[in-house]
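Take this structure first; my questions come after.
The letters A, B, C, D, E and F name the chains in turn, as written, and every chain counts its residues from 1.
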Amino acid sequence: MATVTAPADPEADPRVKAVFDDIRATRGTDFINNVWRYLAFDPGLLETTWAEVKSVMATPSALDPKVKEMLYAAVSIANGCDYCTHSHLAAARARGMSAAEQADFFRVVGSAGKTNMLLNGLRVPVDAAFEMAQED
Amino acid sequence: MATVTAPADPEADPRVKAVFDDIRATRGTDFINNVWRYLAFDPGLLETTWAEVKSVMATPSALDPKVKEMLYAAVSIANGCDYCTHSHLAAARARGMSAAEQADFFRVVGSAGKTNMLLNGLRVPVDAAFEMAQED
Amino acid sequence: MATVTAPADPEADPRVKAVFDDIRATRGTDFINNVWRYLAFDPGLLETTWAEVKSVMATPSALDPKVKEMLYAAVSIANGCDYCTHSHLAAARARGMSAAEQADFFRVVGSAGKTNMLLNGLRVPVDAAFEMAQED
Amino acid sequence: MATVTAPADPEADPRVKAVFDDIRATRGTDFINNVWRYLAFDPGLLETTWAEVKSVMATPSALDPKVKEMLYAAVSIANGCDYCTHSHLAAARARGMSAAEQADFFRVVGSAGKTNMLLNGLRVPVDAAFEMAQED
Amino acid sequence: MATVTAPADPEADPRVKAVFDDIRATRGTDFINNVWRYLAFDPGLLETTWAEVKSVMATPSALDPKVKEMLYAAVSIANGCDYCTHSHLAAARARGMSAAEQADFFRVVGSAGKTNMLLNGLRVPVDAAFEMAQED
Amino acid sequence: MATVTAPADPEADPRVKAVFDDIRATRGTDFINNVWRYLAFDPGLLETTWAEVKSVMATPSALDPKVKEMLYAAVSIANGCDYCTHSHLAAARARGMSAAEQADFFRVVGSAGKTNMLLNGLRVPVDAAFEMAQED
């Protein structure tokens, strides 16, 4: 049960149709997943959200698309977002994440969760040395 | 101000010394950062925490060490862990994260934060299609 | 599936009945939603929780009831509380939140999620200027 | 201590200068707060972040600017974002939040935190009645 | 730097003085810690917050006071609350938490953080068997 | 719907069988709950996760097993972990948590959630006095 209602015929609205067309063209598939179907309750929010996701996740950039999906999933897990965890782990698999990489992913995410709680509890002062010069 | 006291002379305890020696050998540096100095308040907790971090983060595995540090930092940011965010971003830079990759990292983390809040609010049902076969 | 069992006949307990009667009188409806039915597993916890919610949310105060429900929903979204998100967005709608206001709400919540992650990652020092005098 | 370095002379970069000029014009003040000075480490991230904040927070919309700042602060508190909590509470005060409204804000945020934990623990099923029609 | 200003002479307000007197009497000490000094910015919020903390934490109940302080600290760590983590770990120590118990506490909190991230990522279905009868 | 697939015949893998045998022997029951059935997707992750949970939760230590389960549940609630909340509240009941203790647990967790939000919002400075000597 969602908190908003997905429009029954979203593409009757030309702004929604334009976004859905762009999703299909960008991804090369006819499948429109639920987040976009529900965001169509407000075409403006749909447009800005898709524009950002397209720009950040579907445009070539410094990081590999598979790595970007894994980073997205890592944040989503820590923020407890059920939908985002499913969608971005599925996207990481679609971009080539192997079973061994997925197990590694969970190992890192689990260890981070452990030391995050330890350090949020211990409140250890940050080392000055972490202010190291950035390599380029 | 931490919630526990770091021992003044931690390596007087042979169990602590053994861990610190292994940290130095594994990392090829004499620098022992604060989390280990404070965890020395309980040698058992120090041993198991270092054993896990060494196994997960300092042992060759399916994912690149740089990517693992970025994933660790992403979870730490979402969990609001100040120390972990600093230490793992520094580690990612030490393992070769470029300025362009770091900017990309923040773009992905920011977009994830945005849609995590949108989806935690909209409570959109998860698509059955996400249960796709895993590529290996 | 809940972690506690809702009593089958909660109003058999006079303390529970008194709270349910007050909920019905305060809200002007016979509908008792699930949180109260389950909290009835412990009448003391039911009494103090309802007393607080009634005092904070159902008593005239400086902020508009609609705005209070939206603030409640915003915190609930960030804390990943499914039930609270549903109940307080429903309450905001019942207190007059329009579709345009709801879309605006999601825009603000999404942008906050984005910059929360950016700033939790960047760890930018707080400006001294934010310690501005409060207007009254 | 931040995780990135704020450029010493940010407006030497014309893209940064254009954003800073727009911040000054939009807000009618010469004050540029730290988040923008640090985001200048990557002009692209600075541009997209400011464009979003300007569009969502500094453009007239269905909700009152003061209410939007309070919603932003509420999410920031729950996400543990120190900088964002300071900046958006300051902005809410600048947009007219009174002392009484601020106290009310904290009352609502505190009560939400309480029932968020109770409901995340009790895992009460969501009432079907919350799927009520939206008023417009 | 706090987001509100602690009154310079809080006990000039009789409502604040009454709360401070009760804190001193309940705890048997003249020390008033900062949370109460800052909450004095709004006497009503001070009164209700202290009344709740006194009722829940300083009144004999089913759980041992030391255990209650440790539970409070555990939630505070996961919610990233710096002040609460410090104050409730200090309170647990004052109520007799030994060094061995404190190390055990951190071990449990760390393991919980690890499996919380794993399970938030794996999204494993809850076993029907957990709906076991409660022992009394 | 989980994000990984639980093996249909997990004990066909001798590493998984060894872990399941140890779970049964340690707990004195034939019941293997879902988290272990799903973690069997990666025997290495299954082994290290069970080894940690066994060491921390199923080995006699300074804290009572019931208290450890309650602490685990408290962290899980704040991290929004549905599965962990169910499993560790069930374990606490199995280790003797009474109905009165459970109600007390929820009272403490709720109050912590409330003051966590208040203090994350007020950003009150930590008292130097909290750095008290630890009792042993």
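Quick note on the criterion: a residue touches a chain if its C-beta (ideal position, glycine included) is under 8 Å from a C-beta of that chain, and two chains touch if they have at least 3 such contacts.
Model, not experiment: these values are computed from the prediction.
Steps from chain D to chain F, taking the shortest chain of touch contacts, total 1. Rounded to a multiple of 5, the Cα-based rotation taking chain A onto chain F is 120 degrees. Counting C-beta pairs in contact across C-D and across C-F shows that the higher total falls to C-D.
Chain centres computed from CA atoms place F at the largest separation from chain D.
With centres defined by CA atoms alone, the chain at the far end from chain C is B. Inter-chain spacing, taken between the CA centroids of chain C and chain E, is 21 Å. Put simply, the C-alpha centre of chain B and that of chain D have 27 angstrom between them.
For chain D, residues that reach two or more other chains under the stated contact definition are 1, 3-4, 48-49, 52, 75, 77-82, 85-86, 89-90, 99, 102-103, 106-107, 109-118, 120-123, 126, 130, 134. Interchain contacts join each chain to each other chain, per the touch definition above.
Touching chain F in their complex are the following residues of chain D: 73, 77-78, 80, 82, 85-86, 89, 106, 109-118, 120-123.
Across the complex, chain D is touched by residues 80, 85-86, 89-90, 99, 102-103, 106-107, 110, 113, 117 of chain B. For chain E in complex with chain D, the touching residues are 1, 3-4, 41-42, 44-45, 48-49, 75, 79-81. Of all residues in chain C, those touching chain E in their complex are 1, 4-5, 48, 52, 55, 126, 128, 130-131, 134.
Within the complex formed with chain D, the residues of chain C that make contact are 1-4, 31, 33-35, 37-39, 49, 52-53, 56-57, 61-63, 67-68, 70-72, 74-84, 86-90, 93-94, 96-105, 107-109, 111-127, 129-130, 132, 134-136.
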